[in-house]
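Note that the chains take the letters A, B, C and D in the order they are written out, and that residue 1 is the start of every chain.
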Amino acid sequence: MVALIPLLPALGAAVNGLFGRRYIKENAHWVAVGACGLSFLAAVFTFTSFLREPQSYEVRMFEWIAVDPLRIELAFLVDPLSMLMAMVVTGVGFLIHIYSIGYMHGDGGYHRYFAYLNLFMTAMLLLVLANNYLLMFLGWEGVGLCSYLLIGFWFHKDSAANAAKKAFLVNRIGDAGFILALFLIYGQCKSLVFHDVMSQAHAFSTGLATAIGILLFVGAMGKSAQIPLYVWLPDAMEGPTSVSALIHAATMVTAGVYMVARNSAIYALAPAALNFMASVGAITALFAASIALVQRDIKKVLAYSTVSQLGYMFLSCGVGAYVSGMFHLMTHAFFKGLLFLGSGSVIHALGGEQDMQHMGGLRKHMPITAATFTIATLAIAGIPPLAGFWSKDEILAETFKNGHKLLWGIGALTALMTSFYMFRLLFLTFYGKSRVHHDKEHHLHESPRTITIPLSILAFLSIFGGVLPGFPPERGWIHGFLSPAISSVHHAKEILHGAAEHGAHALSLLDLTLMAVSIGAALMGLAAAWYFYLIRPALPGQWASRLKSIHTLLFNKYWVDEIYLSVFVRPLLKLCNRLWDFDLQGIDGIVNGASRVAVKSAEESGRFDLKFIDGVINDIGKLFDKWHDILRRWQTGFVQNYALVMVIGVLVLATSMFFIPYHF
Amino acid sequence: MNQTLPNFPLSILYPEMILTISACVLIFLARAFARAHKHTLSSIAFFSVIAAMGCAGSLWNFPRWENLIEFFLIDRYAIFFKLVLLVICALTILISKRFLSDTDTERGEYYGLILLATIGMMIMVSGADLITIYLGLETMAIASYILAAYFRSDERSSEAGLKYFLLGAFNSGIILYGMALLYGATGTFNLAEMHRIVSGLSGPAELRLLYFSLILLVAGFGFKIAAVPFHMWAPDVYEGAPTPVAAFLSAGSKTASLAVLIRVFTVAFGLFTELWQLWIAYISGLTMLFGNIAALRQTNVKRMLAYSSIAHVGYMLLGLASGIEMGSSAVLMYAFVYLFANIGLFASLILLTRNGVPKESTADFSGLSRRHPLIAFAVTIFLLSLTGIPPTAGFIGKFYLFMAAVKSGYIKLAVVGVLASVISLFYYMRIVMAMYMEKPADTDAAALQPSTSLGYAFSIMVFVILAVGIYPGPLLDLARESLSSIKILS
Amino acid sequence: MTHIFGTPILTLLCFLPLIGTLAIVIFTRKDEEKKIKNIALWFSVAAFLISLLILPRFRTDTAEMQFVERAEWIPAIGAEYLLGIDGISILLILLTTLLTVIAVLSSSTAITDRLKEYYGSLLLLETGMLGVFMALDFVLFYVFWEVMLVPMYFLIGIWGGPNRLYAAIKFFLYTLFGSVLMLLGILALYFLNADPAFGSGEHTFNMITLFNVQLPFHFQCWIFAAFFIGFAIKVPVFPFHTWLPDAHVEAPTAGSVILAGVLLKMGTYGFIRVCLPMLPQASEFFAPFVAVLAMIGIVYGALVAMAQTDIKKLVAYSSVSHLGFVMLGLFAMNSQGITGGVLQMINHGISTGALFLLVGIIYERRHTRKIQEFGGLAHVMPVYAALFAVTLFSSIGLPGLNGFVGEFLILLGAFQKELWYAAVAVSGIVLGAGYMLWLYQRVMFGTVTHPENKMLKDCSRREVLYMAPLIILMLWIGIYPKPYLRLIESSVMGTIQSLKRPSAGPDLMAMASQTPPETAALI
Amino acid sequence: MNLDTITLIFGTGLFFIGITGVLIRRNAIVVLMCIELILNGVNLTFITFSHIHGNLAGQVAAIFVIVVAAAEAAVGLAIVIAVFRRHPSINIDEFNVLKW
């Protein structure tokens, strides 16, 4: 049953991939959605049976790579963490599949799109269900591949093709870290199965654990778009919006968080790695949020917002609150998925327009989209009692309680900014006066039902996702469900932090204060956005010109892309060209570099003006040619010279007795 | 030398006698045949060589091959070389026919001189006595001078003859002086006796004489086999001489002189083995390098072949330097293997000659594969064999040589050797390139028609090269056996 | 055991293509194109089927040579006709026969001139390659090793690109240079083995006997150096690689496929067949040196590939990089490394072979390989783009495809040998993705900029047919490599066992000084 | 210094004079004569050694050499004449069509 979860989408992908172009064409969605739906059902089935009997188990398929003593199986692990992820992935995935039917309708690569999407589901499910690191890595790279394919789905656009390549390459850098971590783990444990590694993790030295932790986090940086490897995610918005929702918001980008949570046992031994992770997370959150403040492209804002929210998740994991991180991962999947889908609905309605300056007042034309979008905005901004509030607040609280006051401050500030830019987005898009081009205005329409139904379902989840599994969430079902998977870490954390846990059992005054701060931040952001964009729409422009330097800096995203380009990419290419020159001239030349002198001296003697007629062998050839020329010039044609050479030969032989130690 | 001729079976002299009679017939009675019977001339020559070959072969198991006549040995070593020389002679006759009729110079003297030179060579390899050797050598040399200058009307041929003669005669003087000193040191001309006496020599004066005679003989025979630095005549003579003559000289006179060199040095200079091996080693290295580098960009294929034959002598000397047992049998092997490819290439030059106009540049080979694929294939096999690429005989020859060199510890020399053969690949492959990868140079290049005799020659040579390359065992055994007969002499 | 259906199977397999060559030469006329092609195809398919026939009888539980065939050849020097295979060679043999079939198929429209010579050379080449992988006698090995140079030289030189003469002679010269040094190494081994102090005391070129030779360290080093140059040029290991781009670029498609797919493997095969088992201590000693060269090759190859403007050249340089991985794996000298190295040999044969085929497909249509001449091909040739994509991802080691399994094992092996090896090599993976994806973007993505490209036909049925087995293999090895790994396993273990063999100790060194001059001279 | 030594020295002298002549004289005929000088030097040496060793072998050799030298000279002159027919000079340094 577990095997079916990834297998079904794989089949769907294969069918659509092989036969889509010729035979299936417009009906590709039946295959894809069917496969995904069945996969979801399988996940639900597994999940419920797991709930009945909450005991982790592994399902072995076959031996994948076996070279003594390395044995790696294709096997699945069913435990709370993987089940939660599987549910999120298949659930959200299924919704987005449905959404895509409407969204991608009429696209030339319809079957291709669904094949990729199914392939993505397979890879992602392998990633979350894997029972060992290598299989996880397979999924990890697999989702990268699908991300590449889907970002570049409209490959006729150069920007899309570039973005796809960038995504894959940046991810590969991260993957390099991942795989090195994998080697370190194997070197220590002689196994790559999670279970074996976790049971031996306590024996890791701090240094090793830190190295592994940081390398794994490098992998996560790539996949989950953290500084400095976040640059691909904003560009990834070149793909279809449904893809952005599924891959670049709800599922794939959160793989890093999942992976970190999966390795909690190792991180527990590496406080330095944790601190590093928390700091990176917090800085990323703030950094991305600040960029999001001024972006005009609706998807770009959402993209930076995703980066920022992912920063939150790593902050959470970094301070040891893995469960909170996972919780936020789940709620984020709901509301960010919803936001993207909503924006997709808008873009769809506007015929591809993504600039918010050409939107406004869309509420009237597309009520369902507007309503669900508003819900999602409220959720992400952290307005209680929506889902986002609970998870975000929990992260901030955990950060504060674990003693990272500065990080908490950053987090709170980010929350304020999040609220501001999200409401800015909401107001600019759906409220206020319409700035839509006139020729587009009368085309405006609400999206078809395949789009609105997923929106509604996600909206529901965004509202209740936080409290549905129990109130307050900290003591709710999810936490109870997840903590066994991360129990080892709690154990370790107790050793590390002593009694840090004790406050979690009741809503203390501290909790309430922190909660108030985050609500306050959210509301402040809301109010500011309201003032700026609904009451005084001229104000943002004025501020922008007044704070021109900051605005330019933010608007250009700190020029990070440009810096990367000039610091890494261009020099690398230059190096490549240099090396090529070297290859053309150098290596063959080096071989006889020393002998060149001989050639030179031969040339100097003036008689030789040889062109290399055949040009057949480069420099060695030339060298021999020179010698050839010298040697054959000895052959003067004069008989007496020949006789002289003979006589000299005899004389040399005769005198050699003085040099050869030979005794009569 | 107060020997009365013993009662020996005349059959041991049959090969030489057959050839002599045939040569006399050809030279003196050629006029009688007139021009109408051109086929007869070459047929007489060819079949007498075949008959001689048969007689020589039948001597292989001759029961008492030690000192039957004191100055004329019929040991397996001699027979092996006689057979090789007769093969060379036969092939030369086969390839000459077309060339001579093309240039309208087919005369009895030509074949007669070829046979005479062969007789000289055969006497050389049978020589058990310095005087016999000298006589054989001069018989060969005088005939070759004339052959080189055979095209009287051709400036280049005459010049080649003149140069060959002047230098050859000069060299005879050197060899003779070496022999005189050797005689002075030992008081005998007989090699076997010399061997006995030399091992007992102790007086410094005698040793010094021996030493200088060694130097002179190295130079003298070095000249004959065209080893650096005594090689200078070879390129000019081969280029100028008529093509079949060049083939004959580069294969025959070299092989014969090498045979004598091995015999004289191993037998007479056993005392100095290490010394002359060292010299030969140096000469070998120089020769390999020089020959190959000088051949590198020759556009005249004949001249290129001249240099390449110098280079191949270098390889053979490598074997000689590597000791008596394995090294010398490798030399025998190589000499045999080399002759086919070498004559084959000269033959291809003959084939290209059109209406008496020599086509000797690399460019003349262009597009040969389209004009005559089989010939192109054969030439490729010859070239591969010369380079030493399996599955040709040349590979086995080189392999065995390098094996001997490694065995006796001449690693550096072996490295030089293998690198030199890599260099040689370059110029050999240029011909392959021209044949297969370039368009025919002249537009009227119709399909080439090899004459029957040339066709036979080509087939024989290709067959032998491939057969020896694939299954060299018998030849190796043959070479070893013939060499072991030298030891019986000593 | 050695006979299947009453025939000595290896001999049959090895010489079947040669018979094909002769059949073409003798029984066809120049203008009977169809007949020539059919003969070539059937003979290559027959060879492939025979190689498959071997598979079920192949025992995976032993490192011994199997199907050994033995006959007298040159008794005077102890050379025999000795064939046999083990787990390493059988895979390479299968790869060879498969790629030859594909090469024949892929040539049917690409080659229009001098078909007789072409297919004859191709089949002759196959005999040479198979012989190298089967020969267990050094002389025989060397003979096959050289024999295959000649047809390859012709393939490049006659049917190659504009600069083919240069490329052909360069290929020939480089390889010959290497192999003659190898020859000296072989001879040295031969004579040292004849010394009872080190080996079996007999004069033999039998590799199985020579596996047990135990040489003193300094002998090993010299012999290793000789073999190293021979094999490294073939592989090619940086900095001996400069012949490769030229040869690849100029060779016709089938030539490149065979060259990349099989010929390069002969170098690595040589390392694993000769250097590791016969010269264990020297291998151990030189391993860091080789590993460094391999790593330079990995990174350097990738970087230079990135600068290329010619697709084929790019693929050629990528081979330098990939073969660097193989070398790194082999010289990690542990089970994962060597297994990965061997598997990667196969993988590289499949994926780079496929890449060359793909390049050939568009070259045939457009007669250019310049990257800037293309763009947006995915619009006009969707199937082609898809095939290219799978191949490309296989080449850059995407998990789930064949390249990953090999690379992972290699990296794991390298990591266990020396931590930083893996760290450096991993960068090669990143760069590999870089140049390949950039290539793909420039060729496939974007809009169709050149009007000539608008009318390009997508892959024909024949082209898909010969790509299909490669694609299937990529997926198969990627997802379920176990059968392949099992084939390799015992032989690799055997190699590792022999690596642990002690060298001739100091007491033997003392004996060496009293050995006969023939060995003492080597010192 | 006995007679043998003197004749030996004399023979050697002839030999070297001949060699020098070959190396420096340009006229083909003169070179031919110098070669004869070499051979005569050799003959003298043979005969002297024959005397020293007390056997006849050396003298026999000398006779052989004289005979062969005559033949050689005949052939050589013929060649020189053949060349002279085409070329109005017998200066051997003017014959260098064949070189390099």
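Here is the rule we go by: a contact is a pair of C-beta atoms (placed from the backbone, for glycine too) under 8 Å apart; a residue touches a chain by one contact, two chains touch by 3 or more.
This is a predicted model, so every value here is computed, not measured.
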Pair joined by more contacting C-beta pairs (A-D or A-C): A-C
Mean-CA-position distance for chain D and chain C (Å): 64
Distance from chain D to chain A - Cα centre to Cα centre, in angstrom: 94
Whole-Å gap separating chain A and chain C, where each centre is the average of the chain's CA atoms: 36
Separation of chain A from chain B, taking each centre as the mean of its C-alpha atoms, in whole Å: 76
Interface hub residues of chain A, defined as touching at least two other chains: 614, 616-617, 632, 635, 637, 639, 643
Multi-partner residues of chain B (at least 2 other chains): 162-163, 166, 170, 174, 235-236, 426, 430
Chain C, residues touching no fewer than two other chains: 165, 169, 173
In contact (per the touch rule at the top): chain pairs: A-B, A-C, A-D, B-C, B-D
Chain C contact footprint on chain A (complex, rising order): 17, 21, 62-70, 134, 137-138, 140-142, 145, 148-149, 152, 155-158, 160-162, 164-165, 168-169, 172-173, 175-176, 179-180, 183, 186-187, 572-573, 575-577, 579-580, 583, 587-588, 590, 614-618
Complex contact set, residues of chain C against chain B: 72-77, 117, 139, 142-144, 146-147, 149-150, 153-154, 157-158, 164-165, 168-169, 172-173, 176-177, 180-181, 183-184, 187-188, 190-191, 517-518, 520-522
Chain D-facing residues of chain B, complex: 1, 130-131, 134-135, 138, 141-142, 145-146, 149, 152-153, 155-156, 158-163, 165-166, 169-170, 172-174, 176-177, 179-181, 183-184, 187-189, 235-237, 239-240, 303
Chain C partner contacts - residues on chain B that touch it in the complex: 369, 373, 384, 387, 389-391, 395-396, 399-400, 402-403, 406-411, 414-415, 418-419, 421-422, 425-426, 429-430, 432-433, 436-437, 471-473, 476-477, 480
Residue numbers on chain A that touch chain D, as the complex places them: 632-633, 635-640, 643-644, 647
